[in-house]
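Okay, so chain A shows up in both of these, paired with chain B first and chain C after.
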Partner chain A sequence: METVKKVTFRIKRWIPEEGKFRIDAFEIPVFRGMTVLEGLIYIKENLDSSLAFRRSCRMATCGICGIIINGKPMLACATQILHLNSDTITLEPLKNLPLVKDLVVDHTPFFEKQRLIKPYIIRQDEGEEYWNPTREYKQTPEEVEEYLQFSYCLTCALCYAACPTSGTNKNYLGPQALMNAYRFIADSRDEGVFIRLDIVDSPDGCWGCHLAGSCSDACPKGVDPALAIQLLRKKVIERDLGYLKTVKGTSLVSPLPHIEGAKRVEPPKFTIRGAKKKAQEILEKYFK
Partner chain B sequence: MKESYIRFIQYVLGAAIVILILLHLSLFTSFIGPGYEEGLSWETVSQRMASPFYDMLYTLLLFALLTHGFIGIRNIIFEYVTNQRTRVIISWTIWIVYIILLIYGMLPIIS
Partner chain C sequence: MGFAKREKKYKSKYNMTGTLGWIGNLRMNMERYLYFLHRVTGIGLVLYLILHILVTSSRMYGEGAYEISHSIINNPIADIGLFFVMAGLIFHGVNGIRLILNEYGFLLGKPTKPVYPYRQVLKTRGPRYFILLMIIIGAILLLIVGYELLLVWVF
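And now, the complex of A and B:
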């Protein structure tokens, strides 16, 4: 591909052995449409094979390639170098997450916080059908609209890295987890609203947000976590004022008629040992 | 107390403070009251101190401002102090100082 110009990548690399950052500069040839991730791959293949960064899908789907590009959290695979209009591009690892090496950070605290808000459908009628589903829950297109934008989240943690509150308060649940709590609360199939409101009603939950909106600004999928947090606060106040009474999720639709030769698609197996038992315990605690 | 109750009180008091401050300013200036200079004269102030309406207005304003301010301070501190035990200690300290200041502020009215 034809080189359009040369661009310098100034990479702020975390050196774990020394416990400090080092800035390295690499000049790379840029072709039209070349992404920052392709620039990093070029460096790794041609200039410095020790450079560490993360990527998987290369199409803004997996959410693992997030880094800070010219001061803003962005997906390296979804950012074209020429669109940055700059001859020098600074790259840094994501903020607010533990550093591992160079541009790689540890996403564990981010996913731990998402896990806390129980990011799955909670049903009171759980039983055989819940664990071994045979049918679907009813949902109208209008009901899907209620949470659709929030379901586009690809857990890239760009919002988390952009959030000033996540920077000062390590216990703050963060924009993604709070947004995800609202995503499930707004889902008409879910019946876990009170469980989740108890979790987010804290100075480290929805009340910790400063409404700066940098999370929404950073999101590559157009999700608006700042809005979701305000909607969460509304739900919490509605609960306190007694507007939110029992919440009944939508019912099951009848199974499809038997089709000759059709095979039932099995749900994925639990990957974490003991997860099913733990989930059952949580449900029993709240509903029994 | 649930965090949401505290935040709800904070919002309601925020709205109340705007109304009370506007009332306070109007009563001092020529908008409703006698004008700024006369409003601050010894006679006017002593007259007002003797009136139950002004007692009520300023008690409410004192309560609203102190409560709103102290909840605000608590929220800011909580952002930097994340340990639960320390938070409880800070909360108690804040509320004790709050009660002392509230009583101190109400002394002229009580006496």
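And now, the complex of A and C:
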């Protein structure tokens, strides 16, 4: 690859042994189409092997490489260096989350909050069919569009880092968790609307949002959490005014009569010893 | 060294943006500016309210005390200050109406298909025209306030 120019990366690194930040500068050669993540990998391979950062898929799908680039929360893999139009690029770890090392932050509080709003289909008729499903629930394309936009979330925590309320209130659920609550409330298969509204109806829940719109602006997938939070509040008001009646989820599709002897396809066997037991433990801990 | 001991050795902290984060984020969209101004004017109005109560409560100590406290604020500079308080009040009021409507899900429309280029509902015509309408209403109210204050000193 032909080098176009040289760019300086100023990286604000968290030094866990000292408990403070340190700014290191690295000059790297840039070729056309080079992303910030590739720049970080170049530094780790050639200049400083102790630099810590997170990455996995390199194509804006896993959402783990979120960092603050020139003051803006962005995905390092989806940001091209030449598009930034700057000779010096400042990199910082994500805001509003506990720091681990260099550019690595601990996403635990973020995922704990997502877990609080029960991000899965809740059914009143929870039985054998719910735990070992044999058929799908009915859903029209119009019903899918009610929540499809919100189901594209990567859980990259960029919205969480951009939110001014998350920056001052550690207990605030955050744009992602609230958006996810609305995603399941808007799902026609779900029957847990009152359970979720009880969780989000608090100053640390949907009433903590002040409509700064930064979450939607930061989102790399166009999920628009700001819209979801306002629609969530509308649902809370509807419930309080008594307009929201008991929600009945859609029924199961009819069994296919023309396939004789059809049986359920079993999931693949666990290849790692003890993985099944571990998976059952996780299921029991979080989903029961 | 055991794992627990090593955990203790390494320090971590929440990387919170804090109050400075109201404007500290460099990705500033229009709603973020309005959010910041709404907060600042809110704090300013509370401070003004305290000052206002202090001045008017001097009436409790007789007419003389009230006259003295009033003579301090009865000058053009204080009126310029009053103009800014009114500007803050008008902004807080009209932006508050926008927030009440938007925060209860009005004027925002429905979710769309996530097709690139992605649509942000706050950047669509409805909310943006509503901001424009609020700016016009605010400007008219501010002109009326300015005219009223000018009347006191000029005419």
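Rule of thumb we're sticking to: the second predicted complex is superposed on the first by the 254 of 288 C-alpha atoms of A that agree within 3 Å, B and C clash if a C-alpha of one lies under 4 Å from a C-alpha of the other, contacts with A are read in each partner's own complex, and residues count from 1 in each chain.
Note that a residue touches a chain if its C-beta (ideal position, glycine included) is under 8 Å from a C-beta of that chain, and two chains touch if they have at least 3 such contacts.
Values in this document were obtained by computation on a predicted structure and should not be read as measured data.
Applying the stated contact rule after C-alpha superposition, one finds that A:171 touches chain B and leaves chain C untouched. When the two complexes are superposed, the chain touching more residues of chain A, out of chain B and chain C, is C. Touch criterion met: A:202 reaches chain B, while chain C stays clear of it. In the superposed model, A:240 makes contact with chain B only, not with chain C.
Common to the chain B and chain C contact sets on chain A are residues 168, 170, 233, 237.
Taken together, the chain C residues at the contact with chain A in this complex read 9-19, 21-22, 24-27, 29-32, 35, 38-39, 99, 102-105, 108, 110-114, 116-122.
The part of chain A that touches chain C in the complex is made up of residues 14, 16-19, 70-73, 93-101, 105-106, 145-150, 152, 162, 164, 167-168, 170, 186, 209-214, 216-219, 221-224, 226-228, 230-231, 233-234, 237. Contacts from chain B toward chain A in the complex involve residues 2-5, 7-8, 75, 78-80, 82, 87.
Residues of chain A that touch chain B in their complex: 165, 168-171, 201-205, 207-208, 233, 236-237, 239-240.
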